[in-house]
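Quick heads-up: structures coming right below.
Look for chain A in each of the two complexes below; its partner is chain B in the first and chain C in the second.
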Partner chain A sequence: MTTENSNNMSEDVHQPSYKLDFMTFGFLLILTALTIWASYATGGTTVLAVSIAMTIATIKASLVVINFMHLRFDNIVYKIFVGVVIVLFLSFMLMMAVDYAYR
Partner chain B sequence: MSENHTSNSEESFYKSKKGLASWIFTLDHKRIALLYLYSIAIFFLVGMTLGFIMRLELFAPGGQLMNPRTYNQMFTFHGVIMIFLVIIPSIPAVFGNFMLPIMLGTDDVALPKLNLFSWWLYVIGAVMALSTLVWGNGPADTGWTFYAPYSVTSDTDVSMLLLAAFVLGFSSILTGLNFIVTIHRLRAPGMGWFKMPLFAWGLYATAWIQLLATPIVGITLLMVVVERSFGIGLFNPALGGDPILYQHLFWIYSHPVVYVMILPAMGIISEIIPTSAQRTIFGYKAIALSSMAIAFLGYFVWGHHMFTTGMSGEAAIVFSFVTFLVAIPTAIKVFNWIATLYKGSIHITPNLLWSVAFVFNFLIGGLTGLINGALATDVHIHDTTYIVAHFHYTMFGGTIFVFFGALHYWFPKIWGRMYNTKLAYWALGLVFFGFNVMYGAMLVVGIQGMPRRYFDYLPEFEHLNKISTVGSWFLVFGILLMIFNLVRSARKGKKAPRNPWNGVTLEWQVPSPPPLHNFDHAPILSEKGPYDFSILGEINKYETTKIDK
Partner chain C sequence: MEHYKVPNSGHNRDDEGKKMGMWLFLFTEILLFGGLFLVYAVYRFQFFDQFKVIAEHMNITMGAINTVILIASSLTVALSITAMKKGNNKLAVLLLFMTLALAAGFLVNKYFEWTNHIDHGLFMGNDVFNELARGEGMFLFLYYFMTGLHGIHVIVGSVLLAMVIYKIYKGKINQPNLVFHENAGLYWHLVDLIWIYLFPLFYLLH
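Let's turn to the complex of A and B:
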């Protein structure tokens, strides 16, 4: 039983691409610089500043998960799992926002 | 696997290796399950003793045995033990570990080393929690919920208990992860998703909650430790923090976790009932999918613990509405169980009666929950002993009753012996009676206005508190009688056959107790799903043990 299942693993083999890795890395650096610039440009602690910083951080995390953690090469099941987690997280934020917005 | 019909040749997993090290470093899912069982049993007894002493304190108004601070520490420790060390790991770590691989037709979980590691994390977390008894300024007095800002300012040893809960959370995550991988990858050939036993479905839904919700409470508890240690204002308003944010983060985990407690229990009921009625379960798919629906909806109801905190009214309405939705998949299960029993050829056994007692208690737990979920009524009963009774009805009358039922159901499989049925009925009767007297009285005195977490009370509450304490004596006596019966039977009971209750799921096809690699013949699966009783004859062909009736 165990051996039959472990054979499925071989389907996941893919060619790593250094070009993609370096491009991702470069993009992450640019986004980091953008975060720093945005914090100065918007005054650091305003709602706008935090929103921009969080948005950029989310894009960076997604790049890491998709390219460095190889989600793009993974089975559809894993993509669905990650999708479910994102939906859950956004729902938590939304429901808490209902409290904060109307309190 | 051998096709030998008379093969009792493979030794049971108890005999495969000997010595302490062969247990505490084992990778066998069955031994790990038993390690969990014995650890959880010890902590249950400790927690029970604390509960018993608290009830003695409440026998009469005024201080009887302790001062208020000790009472606060007692209910905190009782709550932490019962939640983090007993009920969260209980069914998944014991019966999930033991039965899931067998019920799926495989020889172990997908990640056996991780499985052992999770038990070790459990032990480390337990030792950390216990260390607060002898260390620092004494055990925490915050309640198991660690609400800020008091948890930030209390001079007791809150940080260590928080770190213990953090480590225990990891243990729970690893168990969940293991089960998800096992269910995805190790099902026997031919066992599709909708051919899995319903216990496996319950564990699967649970595992997703363990995996996705536990990290949130882990981080939240660490945030309290950081706030206590470095004075960073996260939750304490005096430092610019928001105490309601703590409650949001805490309950985002701690509400879904009540489904970690109940879904595997409901899975076990869905095993015991078809076996006892000797017929296929009514509404298999509805039960399987309702577990997933409960797990999913359970994520969005956490705010119902916070109606009186000053949270916005709009948010409260949303949370109250979603709370009522959870009743739908829950009711689907209960109706299906009753429909399965209806006109079945019912065999009364202790495990069936534990299950019926569960349905009774859980109905009371569920219906009292509707009153908590409704905004207007919750304001009146919030923080009264009504709430304490409500959650004991669901967690204790629910999950722990099923845990006891499962012990009786799978006892012959795990220990290869039968227990004394007469004593089992007596124990069940005492526990059921004591439980309902104790918590029934707490429900009523709660509605009358007695607050929870108080070591003293007004004279008008004395009568019901006395009744409640007397109930706890029956309850505790019944539990001790049950343990005595099971421990004695595990050593001296009659030898059990493979299939004493005539079940058809795969665990009844392996010897009792199972050998190290579980199966001594290829598992027999029915085309018609896991509860097809027409294959019973074929399964029982493998019986080799002589049963003296």
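Let's turn to the complex of A and C:
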């Protein structure tokens, strides 16, 4: 019985489920409400406001990629692939920003 | 001329290859929008106050509604893939139709938003637009360009999802042969992903 339960549980973890989809949706809605509230609370255009907005957006994007795009269930190769691209992308953005700021 | 027959031709599938190809394509899309986000960042830095002034014209409620619509459409796509994996094709098709309805809702909302701005003269070439400060015009140009490009992606994504529905009806997509459905879903989630960044950058600068 215990073995069967643990098998079912391990299957659930490695397969998409309705519950996970709805939970992700719920978190995304909460984070959307939070980002709107934060923009009013911080004035919208301050450095703090932008930092908070971008942090929340990145958390939302991560939830979409990991749960909705099923990266959680994918082969390790895809995870490395996405990780490398994110690092490359952020490096390009940073290099451009530094170049612009000190030009 | 001699013809060669590939053994097992027509019976092999390369799902991993197709999925990898889709991810590669999505990375090029991220680079496309990434470049635009850089342009936005530079002009925002340059015209900080003007961006803030013109952003007052953005309708936060409309933006928020569209955000919820896109998140809900991402949910229905994810649920449809889950349903297919569990062998529930009818539910999957229903969810895909719901996604198409949400996509249409998003575009209608955007249409009203754009026409409202255009009616107020806030479009390239109008007298009101021509009298705006350079940074204000730049903000509006980027707004139309980026949300317009995003809108085109919504339309392309909808066509892909309509093709998924057709293929499910025809029995061409069926468990475990779901890679087309999954790839269309990946594209749709990318559309959602881009909007997640567009929303705070254009609507929440007040």
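Basically, the second predicted complex is superposed on the first by the 86 of 103 C-alpha atoms of A that agree within 3 Å, B and C clash if a C-alpha of one lies under 4 Å from a C-alpha of the other, contacts with A are read in each partner's own complex, and residues count from 1 in each chain.
The rule we apply is simple: a contact is a pair of C-beta atoms (placed from the backbone, for glycine too) under 8 Å apart; a residue touches a chain by one contact, two chains touch by 3 or more.
All figures in this text were calculated on a predicted structure; none of them were measured in a lab.
Touch criterion not met for A:Ile76: it reaches neither chain B nor chain C. Of the two partner chains placed by superposition, only chain B is touched by A:Tyr102; chain C is not. Counting the residues of chain A that each partner touches, chain B and chain C differ, and the larger count belongs to C. Of the two partner chains placed by the overlay, neither chain B nor chain C lies in contact with A:Val47. In the superposed pair of complexes, A:Ala57 makes contact with chain C only, with no contact to chain B. Of the two partner chains, chain B is the only one touched by A:Ser91; chain C is not. With the contact threshold set out at the top, residues 77, 85, 92, 96, 100 of chain A are in contact with chain B in one structure and with chain C in the other.
In the complex of the two chains, the chain C residues touching chain A come out as 16, 19-20, 23, 27, 30-31, 34, 37-38, 41-42, 45, 48, 51-52, 55, 60, 64, 67-68, 71-72, 74-75, 77-79, 81-82, 85, 182, 185-186, 189, 192-193, 196-197, 199-201, 204-206. Interface of chain A with chain B (complex): residues 1-2, 4-5, 8, 77, 85, 88, 91-92, 95-96, 98-103. Residues 105-107, 184-186, 188-189, 212, 244, 248, 252, 299-300, 303, 310-315, 318-319 of chain B are the ones touching chain A in the complex.
Residue ranges on chain A touching chain C, taken from their complex, read 15-18, 21-22, 24-25, 28-29, 32, 35-36, 39-40, 44-45, 49, 53-54, 56-57, 60-61, 64-65, 67-70, 75, 77-78, 81-82, 85, 89, 92-93, 96-97, 100.
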